[in-house]
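Shared between the two complexes below is chain A, which pairs with chain B and chain C, respectively.
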Partner chain A sequence: MRQPSFEWTRGPAIPVVSVLFALVLGGLFVWISGHDPITAYAALLRGAFGSPYDISETLLIAVPLLLTGLSVAVAFRAGLFNIGAQGQLLVGAVAAGWVGAQWPDLPAIVLLPLTLLAGILGGAVYGGIAGWLKAARGVNEVITTIMQNYTIVFVMHWLLQNGPMQAPNAFGTPASAPIGAGAVLPVIVPDFLVPSSRLHAGVLLALLATVAFWFLLWRTSLGYELRAVGLGMRAAAQAGIDPRKRMVIVMAIAGGFAGLAGMIQVSGLFHRVYDGFSAGFGFDAIAVALLGKNAPLGVVLSALLFAAFSRGGTLMQSDAGISSHLVEIVEALVLFVIAAETVVRAVARRWGTPVKAVS
Partner chain B sequence: MALETPIVEMRGISKRFGELQALADVDLTVHRGDIHALVGENGAGKTTLMNILYGLYRADAGTTRIRGNEARIAGPRDAIHLGIGMIHQHFMLVPPLTVAENVVLGDERGGPLLDRRGIEARVSELEARFGIRADPSAKIEDVPFGVQQRVEILKVLYRGSEILIFDEPTAVLTPQEVDDLFQIVRTLRGEGKTVILITHKLREVMAVSDHVTVLREGRNAAQLVTTRTTPAQIAVAMVGRELREIAARSGTPGDVVLEVSGLTAPSDRGGPALKGIDLGVRAGEIVGLAGVGGNGQSELAQCILGLRDASAGVIRVGGVDVAHDDPHRTRRRGVAYVPEDRRVEGLVLPFSVAENFILGKQDRAPYARRGILRADAIRREGARLATEFDVRPADPDIEVGSLSGGNQQKVVLGRELSESPKLIVANQPTRGLDIAATEYVHERLLDQRSRGCAILLISSELDEIRDLSDRIAVMFEGRILAVLPASEATEDRLGLLMAGHVEAVGERSGTSPA
Partner chain C sequence: MDVLIGAGVLAATIRLATPVALAALGGVVTERSGVVNIALEGCMLVGAFFGVFAADRTGSLPAAIAAAVVAGILLAAVHALAAITFRADQIVSGMALNILALGLTSYLDYQLYSTTGTPSTIPLVPNVHLGFLENAPVLGGAIGDQSAIVWATLAIVVLLQLFLFRTVPGLRLRSVGEHPRAADTLGIDVRRTRYWAVLASGALAALGGVYLSLSVAGSFSDNMTNGRGFIGLAAMIFGRWTPVGALGAALVFGYGDALSVSLQGVKVAGVEFPVQLLSTIPYLLTVLAVAGFVGRSRMPAADGQPYESEGH
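Here is the complex of A and B:
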């Protein structure tokens, strides 16, 4: 049995090289635009990790990135491309927000697990629909998950503006009623350590989810089946592992990870659901999974990296006066290089022992 | 003659893959205008040596001289430049394009525009010169394996190759196609081309080659002149010991285990693949299914397993109708299956040897308990099976994709033959296996038969079918033309039936299913 984290350490060269390459190239852009790259990156680093408070804020951003990254990664492992982490996250958030606000007076010991379950299940059902459409009707999951991303946005407009979830006296942004105190994820950093930190228990849930991801894929029969379908669909099929059933299951699991991210955003951060809430995780999630090579440790590290870019970039703009678009450029370059991995491999083959097997 | 500079001279070639010394100080000398056989057991390093010559791998040590000049071959481009061409075992053709288009594809001399007529004329010219028959305007997807291989040969010749490497070219061919191929190879020799031929079949070595190089465990074991050696001598050099003869045993058939009647099924490209198949296999009996590849044998196997939907008919295993079962349920009823294409259907190539051994058993004791995998049990069983089926290297953690072709096949067989199935459907079980491994698999199949297992053996090797089967069914264009007792199935008669001549059935034997 191969170890997932092992897999990543066996070949971390390519992700690391591509990040370095992207940073150097990004620095070049800064230099061309008349700034000092060293100052820029120093500001970025300071922004992301400069103080305990900065670190706790960076971790806060990393949580949804990690969970949606796991969502994309688990589907990848079974050979499916989940573009729908964003939509699944929103469904999870809506489900959690609804449960949390519906019974606000329940004690935490009951309400928190209920909210958690609602978030996970909401995402799982939404993801599972895409899996089912693929299995039963052969509809490409890329198309369905993209459509689902739009669908939930419009459903949320309706729910929060004039629909059943609209808060009775909400002004400005349409939003739901706040969740009960029992549904709130507590802040886990004491004030004397990091004053006014917002870092909540969702971080622990995300780490737990990472362990679950590893355990599922490499320690359970189901995980074995998912990987077999992803790496050799026809071999799996003739051995009696029905790929169609596994497609539904894995998309539901993927949706569950994303739904958990949505629940955490609601329970840990916003304490209600806003319209236009937590947008834009979907594509970052794909980047996180790709850079992390769909391996647990890899996804954790790349979620941290992207979170640092995100937080550091904002600060870099205010401190060093360099457009935070630089960060987007670097992110794009990272992706570009990862996508060009095949090229890198081809070059590596010329130098060393080939990876490809020949009979 | 002996003083002439060899066209290929490899000296002291070594190659390591991690821990494994695939080649150690190997020499290979090939003379111009020769047919040179390269033989050795599975994993001996034949493909690796040829990949080095063709520039796909780089040797760790050693030199290669071509026509007396030291050559640095860094990639296939350099090899092609030196007049070296390789016909891979897995064809690299574009199915929707025509024969002629495939031949010129990727050639740098052609302009950006395809001149259809001109190309077809040039391809026809090549065909005439080397006695290769293939309709230049036919689409690749419509022609059989044997013709596809000829297209690969034409491709290589079109690039002006002088040295042609064939890696196990006969493994996927029917006996007739093998004869045709050897005729082509002899013509090539007549035209002054040099041929290096990898094969596991000593009969073929004796029939066409001039010289033989034998590799054993990555080292030179012998360099022989074909006319001055015997198959036994080559075999000893390959294996390092004398081979046993399998004692022909015959089964004692019991109850009918597999019963197929009136089975009709569509093919992948529309149209019927099976047109009313009636066939029975009893416990303790091997029924051989002979026929030119592509006459419905694989589709029949897939229907039995539940991988393909039948449009009509009944399939019973042990009396239960399984025609509408999926592979999971069929296998649960005690059906084992050796698929035809090990790389696509048989194995998950990026998985380890141990992981592949449990494919399909991943949710069962002792490999799992309540859905949790038991890594130690999986590894232990992996190590045991790897040793038992002589997978080399016998390392359960190695990636299956990095094993040699024959060793990959052993992993499939280890998985399918290690339990006690009621029925085994084996499609080309010894394709790509060396002599010793083939012998081992035959023995395992015979053991299973003595145990009372029913076996449907699909093979394009007539010898294999005739040696093992109690009865032989011949398939032609989706029908079973005849079922003969093994004693009546002479090679001539099978050959005629395989070509669709029903007259050859004869008086005494009927076509009854069981």
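Here is the complex of A and C:
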């Protein structure tokens, strides 16, 4: 049913309004707790974009957010809710970290693609399990992926603390042995531009993955089918698409994106896997995907926004003495307004058409 | 044998199972009425924080518990509003509330207690000393000195089991979760029933949070629930959406956790026992149960589906 008067709900209006609303409400909260919201947000902005180094650090956080965001978004497009991006990221990181450290002497031209493949495959298998359990046994993917998120955390505790990946001389945090030089994604920002920048080639891989996401969904027949399934199981089934067969593929693809994020964190940033690795990205990814309306450009922009929040929040705490957790409050409010979009739609439907015609 | 069934392990099992059981009971109530509430983790966390906060401000334990429960109910009320009245996506709403609870409690904790930590002088939930068990082997050590909340939890399990399966309001609540249309036709107010159920789930989860902060730890620390609300959901599923089952599942999970501590460093056939893998048991068992490989767990038929009454 076309509703021309509410077309604006489809454009960027809702995301922009929701972010503004969340920022205002968050500011109000800062004010009530006895601080100056302008100071807070100025510190946040400075922390995220104040210097070339800050910008490169913000981009560094945006990479895993973008990839896990794509992971959640591709599942959403097919009507599945992937809460498991965090777990898939970790499996990808473990797989990449293991391969990278197993053959440390291989040249980059062999080892880097191998590590990349391991990360993507690890995530894809983990995601695929959730898809298969749904297709074959009717298990809700929300339940499976939540459980998977926790399972891998404890498996990692074992692997790194007294299992096969335990590094012989890891001090403090349990960690794996470092990956070989050939598995490392190089830093791509020269020192004379941004001194001691850590921004690595993973950012290019993430952009490439975004293009792949777009191509897959809008330029291939598989993508067409996935979107058809997402728009309506029954309609798709009548068009001859078996939604159940697609579940495994979708969740594997979703897991692949998240696994790539894990691989990039290992190869680009930490060069090993450790306990408590990259916590939280897979959960923020849900907000990233929803705010980005599951569209390529949208996900890129919202990943940048949340990365800026994250980086800026840390500096806001050290510079202005306001807890970085303000960022989480704002993020939750953003999510809420997006959830409320269905409210806007429902209200529009109710008030825009004669009452009798609705049900 | 002591590392397997000693008094210490059993006492730890009960301690670890209690908060999970309370979250699971909340899950049973809300999902039996047809609303998925993954914000139980968040309800637990606000319960843990506001319990400590109110204990600090008022110095009164009853006030602290009341404040914690009210905080849990308020968070759940937002979920109820979103899920029942606005028919928003229940998972998104729940995720948003979990993030909100984490952000809010950590923010307040930093602003109020960052330099000192939460005060050590706050009133705590007392333990119940069972003098007559003092000399009983194993049992005395296992249950002779547990928090009052442990015993309250046991009572809640029994009462909730009776309520859901032996009373008319309980039957109504379940009918709303199984077949809301039919319940509506019989004159049951679907929305109101679901509201009460979601609010009750918030209160129960918050009590679990109080147990963590005002009974076990004696303080609040950021994200101290650390996923226990989600293990509660697992216990609810593994316990087949019944209070007694949820308690049983929580005890099984708690035992696994207790073993992962007591078996630390123990060598089996020369290899260090992988204690960390014991902690994956709740999650694996739950998925297997839902998939029908271990028993069969069936969720209420209308679980997670918003209800729109006819003629509106």
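Simple rule for what comes next: the second predicted complex is superposed on the first by the 334 of 359 C-alpha atoms of A that agree within 3 Å, B and C clash if a C-alpha of one lies under 4 Å from a C-alpha of the other, contacts with A are read in each partner's own complex, and residues count from 1 in each chain.
By definition in this document, contacts are C-beta pairs under 8 Å (C-beta built on N, C-alpha and C of every residue); 3 or more make two chains touch, one makes a residue touch a chain.
Note that the structure is a prediction, hence the values are computed from the model and not measured.
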item: Which of chain B and chain C A:39 touches, first, second, both or neither; value: neither
item: Partner chain in contact with A:220 - chain B first, chain C second, else both or neither; value: first
item: Partner chain(s) touched by A:335 [first = chain B, second = chain C, both, neither]; value: second
item: Larger contact residue set on chain A - chain B or chain C; value: C
item: Chain B versus chain C as contact partner of A:102, first or second or both or neither; value: neither
item: Contacts of A:231 with chain B and chain C, given as first, second, both or neither; value: first
item: Partner chain(s) touched by A:240 [first = chain B, second = chain C, both, neither]; value: first
item: First (chain B), second (chain C), both or neither touched by A:314; value: neither
item: First, second, both or neither for A:166, with chain B first and chain C second; value: neither
item: Intersection of chain A interface sets (partners chain B, chain C); value: 358-359
item: Complex interface listing, chain A residues touching chain B; value: 1-2, 218-225, 227-228, 231-232, 234-242, 350, 353-354, 357-359
item: Contacting residues of chain C [partner chain A, same complex]; value: 38, 82, 86-89, 91-93, 95-97, 99-100, 102-104, 106-108, 110-111, 114, 222, 227, 230-231, 233-234, 237, 272, 274-277, 279-280, 282-284, 286-287, 290-293, 299, 308, 310-312
item: Chain A-facing residues of chain B, complex; value: 17-18, 47-48, 51, 56-57, 74-75, 89-90, 305, 307, 326-332, 337, 339, 343-352, 354-355, 358-360, 362-363, 368, 371-373, 375, 378-379, 397, 399, 401-405, 408, 432
item: Chain C-touching residues of chain A, taken from the complex the two chains share; value: 29, 33-34, 81, 83, 133, 137, 139-140, 142-144, 146-148, 150-151, 154-155, 157-158, 161-163, 283, 286-287, 290, 317, 322-323, 325-333, 335-336, 338-340, 342-343, 346, 355, 358-359
